[in-house]
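Listed below are the structures to be examined.
Paired with subunit B in one complex and with subunit C in the other, subunit A is shared by the two complexes that follow.
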Partner chain A sequence: MVEIKLDHIYKKYAGNDNYSVTDFNLHIKDHEFIVFVGPSGCGKSTTIRMIAGLEDITDGELKMDGKVMNEIAPKDRDIAMVFQNYALYPNMTVYDNMAFSLKIQHVNKAEIKKRVANAAEILGLEAFLDRKPAALSGGQRQRVALGRAIVREAKLFLLDEPLSNLDAKLRVSMRAQIAQLHQRLKTNMIYVTHDQVEAMTMADRIVLTKQGEIQQVGTPSQLYNQPVNQFVAGFMGSPSMNFFEGELHENRFTTLDQQLTVTVTDQKLQKLRDAGYANQKVTMGIRAEDIHTGPDLLEKMADAKVQAKVDVAELLGVETMLYVTNGYQEFVAKVNAQNTHRPDEIITLAFDMNRAHFFDSQSQVTIA
Partner chain B sequence: MQGVNSTVKAKVKYKKRHPSFASRFKSNLPLLLFVIPGAIWMIFFFYIPIFANVVAFQDFHFSAGGFLESLRTSSWVGFKNFEFLFSSNAAWVITRNTLLYNLGFIVLNLIISVFFAIVMSQLRNKRLIKVYQTSMLLPYFLSWVVISYFVYAFISPNQGLINSLLTGSGGKAISWYNAPQYWPFILLFIGTWKSIGYNSILYFASAMGVDPTLYEAAEIDGANKWQQIKHVTIPALVPLMTLMTILAIGNIFRADFGLFYQVPQNSGSLYNVTSVLDTYIFNGLTSTGDIGMSSAAALYQSFVGFVLLMISNAVVRKIDPDSALF
Partner chain C sequence: MRQPKKQISSVEVRSFGHKSNLFFNILLAIFAFSCLLPLIFIIIISLTSEQSLLADGYQFFPKHWSLAGYEYLATMGGQLLNALGITVLVTVFGTLVNATFTSTYAYSISRSSFKYRKFFTVFCLITMLFTPGMVANYIVMTNLLQLKDTIWALILPLAVSPFNIIVMRTFFKRQVNESIIEAARIDGAGEMRIFLKIVLPLAVPGIATISLFAALGYWNDWFNALLYIQDSHLVPLQYLLMKIQSNIEMLTQNAAQGAQYAGGMANIPQEATRMAMVVISVLPIAISYPFFQKYFVKGLTIGGVKE
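Entry: the complex of A and B
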């Protein structure tokens, strides 16, 4: 329960030429679950470590509840941190690992016992309290690391890729546990991941960064449905959004090789024209799930029909992922599995143009 | 039902088969080849000479036919060599000296080298660490003969640095090589000084292997520098500390010959505090030429060392099985 403000934060490591974090501005409100997401090396860990106090802030101000924290030692920031490699003390039992911070602060024995027992119960670790970390599975270790954070009763939880060492199944269940934990503890959490699925499912707000610069801050649905630029659009969602380089002619968008042409909806067209893109080069983006092959939808979206050759068809259960080619352009469609398609078959697909995005071909900024 | 039955049967029939010696030999052949040079060396210089220890039970005299012939012709005297060793006052003195000095070295080495290793691991300046390491390691590579001259330069009765300082400040010169009361400290100091660089590098390497996020976790948990050392660094060094101590205890009956022979310059008036098993054996061999007696002393040394090694390992296994040697 703390209000955090990152005010024009910059970070340059000694010996590096470039800034690892550039002009980072963020205002985190009471018990928000914030997820930092972005490709490897974009400065997520650096930022969270600056908040923790493990890394100096080169420029800018970090405020907690209005107080500047730049020079405050980590232990005095009232934070708890969970590391990617767990960082459990190998010589201590699970109990001692969780109790360590309290012992250091000379909390009385009974209180320590109570808090550790409570954390162990939340995380289902009661049976392992006497074990050393080496005798635990990855998932159990991760829970101990969480337990160590819980007993602190800190105002702010920082989690740096806590699940990336776990297998896919365990990751899903730990994801749910962490989300529950956030509900229960009502603390602020800042969670770092490079997995956009984790970001989408867990975050109240996502902070998407690229090369040390924030691209967009918003709710998962804002980032997914209203990306501010092509990078955000491409990063969120799996498979990645399909992009087509092309030109506007009247009310139609045509790819550069002239092979693919679709009608742009009036609303989008108006925006494009208002922004001065009539008969100009633009990039169109459309997600795999907005491309259809069902006969009824083909009929409904008759003015956005596209012919393409199937390269690969991946059956995922309810849906099939179709990797198709039109001219030089490859793209992916996620279609109903009931409509079966074979490789090399020429099929007709319909684009849901209401859900298409248009970006400036040069600056990649969203136009419509 | 039938399916269940058949799987149960299959389980019963299944027996864990150990690979035969031949197949294990074959699959490990490349590794075994690597072992051969070391093994041959060990066989010729350790395992075969072990049998020569029988001379400890002989009144050994060299005869013309070589060592084996001498063995055959020398008369057996049972434990008489040992009796002689233990009935003399020397046995007590050399045993006491050897044990106490080595205990002193074990304790001093452990504390001081761990201390320096931790200091170095806390330093941020990589260049400075290299400078410290090199200057601390230098004595390790010096021969005892060279060191004995260094020591002489300090404590020579006439031109020695310390005596000059003493007389210069109005004190009285000390005849160091005839003053046994100072030698326990001199020997402990010099022995530790020589080996500290080597040992602290071992501990330093071990300390650098500690996952840096452990320190960060401890820092966030509120631990100050000293608490981080106590709860993160030292626990990480404990296995190596145990290992080094076990090995040192196994060698506790083996004194550093050069230190006790060269540095005091084999001064007779210091024997009471400088005589250790190794110098005693050497002096015995060079002055009396009694191989049987010297072998008895050497065998006594090896035997006690072996027993101590086994005991200390057993103790460690009880306390902390992970740190035990075997």
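Entry: the complex of A and C
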């Protein structure tokens, strides 16, 4: 219900030589669920705190519905925020925690009661309204923090790593709850996380940052399938994409130690040649799930077969993770669990070259 | 088969063995008793008749009990009550002033968003390290502020204690997480409301501690009265007791020299009166301890934030 524009935002902390956020440009539309993701120290929390008004903006403009918000106090920005450590008021009951902001706004008592009851119902907190935060579990506390944000009926929700203090199982169920909440409330949400799985599963659009700079903005599938550079390719997906340093010779890609050689598809080859990388150094990237061991696939991808020694085989149920070595190159393959492999076994794998990515060895920018 | 690796996730002493339990109980009982014994002894001596004291010295079970010491103090009557009133007033009001100044100052310098926190921290520390001395104090109080013979002369010198400020600053830093304040700010609370509704309730144990320090300071203070108070209506209890004490000594000396006072002197139970004074000056503050103690509960912030 609000349109947000971040226009060349910069942030530099006092006593710091480098910018923590550099030239951050983003246009967030109505009802969008935006996820800021990146490794720690990439400036994602700083950015969300600037949007909240908890940090000053060093340079650039933050606009909400066309109005410049740089100098507006947090309370006047009509935002709600959920913190990583919940930040509940320990001296107040769950009810008072949620009602605090409404009391300040002098909302009448009946209305407060209605809104809190409504939020408590959405989050399943009805039974805990009289308790203090100390008497709640981690998941319940985080739901109270969400409830405190819901009752505000704010235009914009900011969530700063809200799930990272919860255990794995709870995280998955809270993830679904937050996604549901977004459907229901239809407010804008900006969600910060370092977990690419959360980003992939929840976002309408992902903003991937590194060292204060935006690397790529796009839908989860765009970031996953069409990464703009090697960093994005490596960050999205688990396990990380495998990278091979090598050279192009004719239509084949060969690693620097000459141990691994595969045929590049015509379509990719054309792009590489057009960009002037014929017989040049490039980095090839391929995801674990695009490496196969099934006999039928080995036959189908006969010109991209690779020999490798199995180091570790991890059975995950449906799939097996194979950590293998070829020459000096280690890589991971996610293969069908029906094809069993033992450590130290020499196996043949096939690369699905349609799904390979090629990056400039120096600048790491995607070529094809 | 390989032994499963022992994993120690936390260590907690749930209970002692029977013998060590007994040992620690006895040890602590001795300690507690050694703290309590002198006080009990003083109360007993204050209730002992002067004759028993002269004949047998200090005893836990004196032959003759007597209220003479208190009766002598009671002859001071109005003056004693007046002094007690002054002390209570100064202690209560002074403690309030002290707690207000200390906690607000400490809160300001505990928050990283306060631009001049370093300056004010150092400003506070300097007064701890370098005290100006009595003469400078005296001149400021009497000549500059013209506070001689006013109640303020008893309150203001102890109104801010740098040590307590540092204690409270650390307390605020550790107990009140920055994100709680940020959450309140986003919820629309102003600085004053944040301090009163959120920070203060969390800081109750700390404030109780510094209030106790301050209350003890005010209660036991006689030196400021010695310097600034001449008006007998403004004399606090400790100073009055000190005056009585020296008067008794003076009377005793005079009695030794001139026989004419001897008759009067015999009526003053010297030792018992001294101890009665101690009892009167110690008891009220000792009785107030449990009320403070109630607030020395820790862990109020548990549950607010995940550490």
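To be clear about the criterion, the second predicted complex is superposed on the first by the 368 of 368 C-alpha atoms of A that agree within 3 Å, B and C clash if a C-alpha of one lies under 4 Å from a C-alpha of the other, contacts with A are read in each partner's own complex, and residues count from 1 in each chain.
The working rule: a residue touches a chain if its C-beta (ideal position, glycine included) is under 8 Å from a C-beta of that chain, and two chains touch if they have at least 3 such contacts.
From a predicted model like this one, the values you see are computed outputs, not experimental measurements.
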Once both complexes are superposed via subunit A, do subunit B and subunit C end up clashing or fitting?
clash
State whether subunit B or subunit C is in contact with more residues of subunit A in the superposed arrangement.
C
Have a look at where A:312 lands relative to subunit B and subunit C in the superposition and call it first, second, both or neither.
neither
Where does A:302 make contact in the superposed view: on subunit B (first), on subunit C (second), on both, or on neither?
neither
Is A:278 touching the first partner subunit B, the second partner subunit C, both, or neither of them?
neither
Quick check for you: in the superposed arrangement, does A:135 touch first (subunit B), second (subunit C), both or neither?
second
Quick one: classify A:68 as touching subunit B (first), subunit C (second), both or neither.
neither
Partner chain in contact with A:101 - subunit B first, subunit C second, else both or neither:
both
Which holds for A:81: it touches subunit B only (first), subunit C only (second), both, or neither?
both
Run through 4-12, 112-120 or 256-264 for subunit C and report the one that clashes with subunit B in the overlay.
112-120
State which residues of subunit A lie in both footprints, the one left by subunit B and the one left by subunit C.
52-54, 73-75, 79-81, 83, 85, 87-91, 100-101, 104-105, 148, 152
Under the definition above, what is the set of subunit B residues touching subunit A in their complex?
211, 213-214, 216-223, 227, 231-232, 235-236, 238
Using the touch definition from the top, list the residues of subunit C that touch subunit A in their complex.
177, 179-180, 182-189, 193, 198, 201-202, 299-307
Using the touch rule from the top, collect the residues of subunit A that touch subunit B in their complex.
52-54, 73-75, 79-81, 83, 85, 87-92, 100-101, 104-105, 148, 152
Applying the document's contact rule, which stretches of subunit A touch subunit C when the two form their complex?
52-54, 73-75, 79-81, 83-91, 100-101, 104-105, 132-136, 138, 141, 148, 152, 165
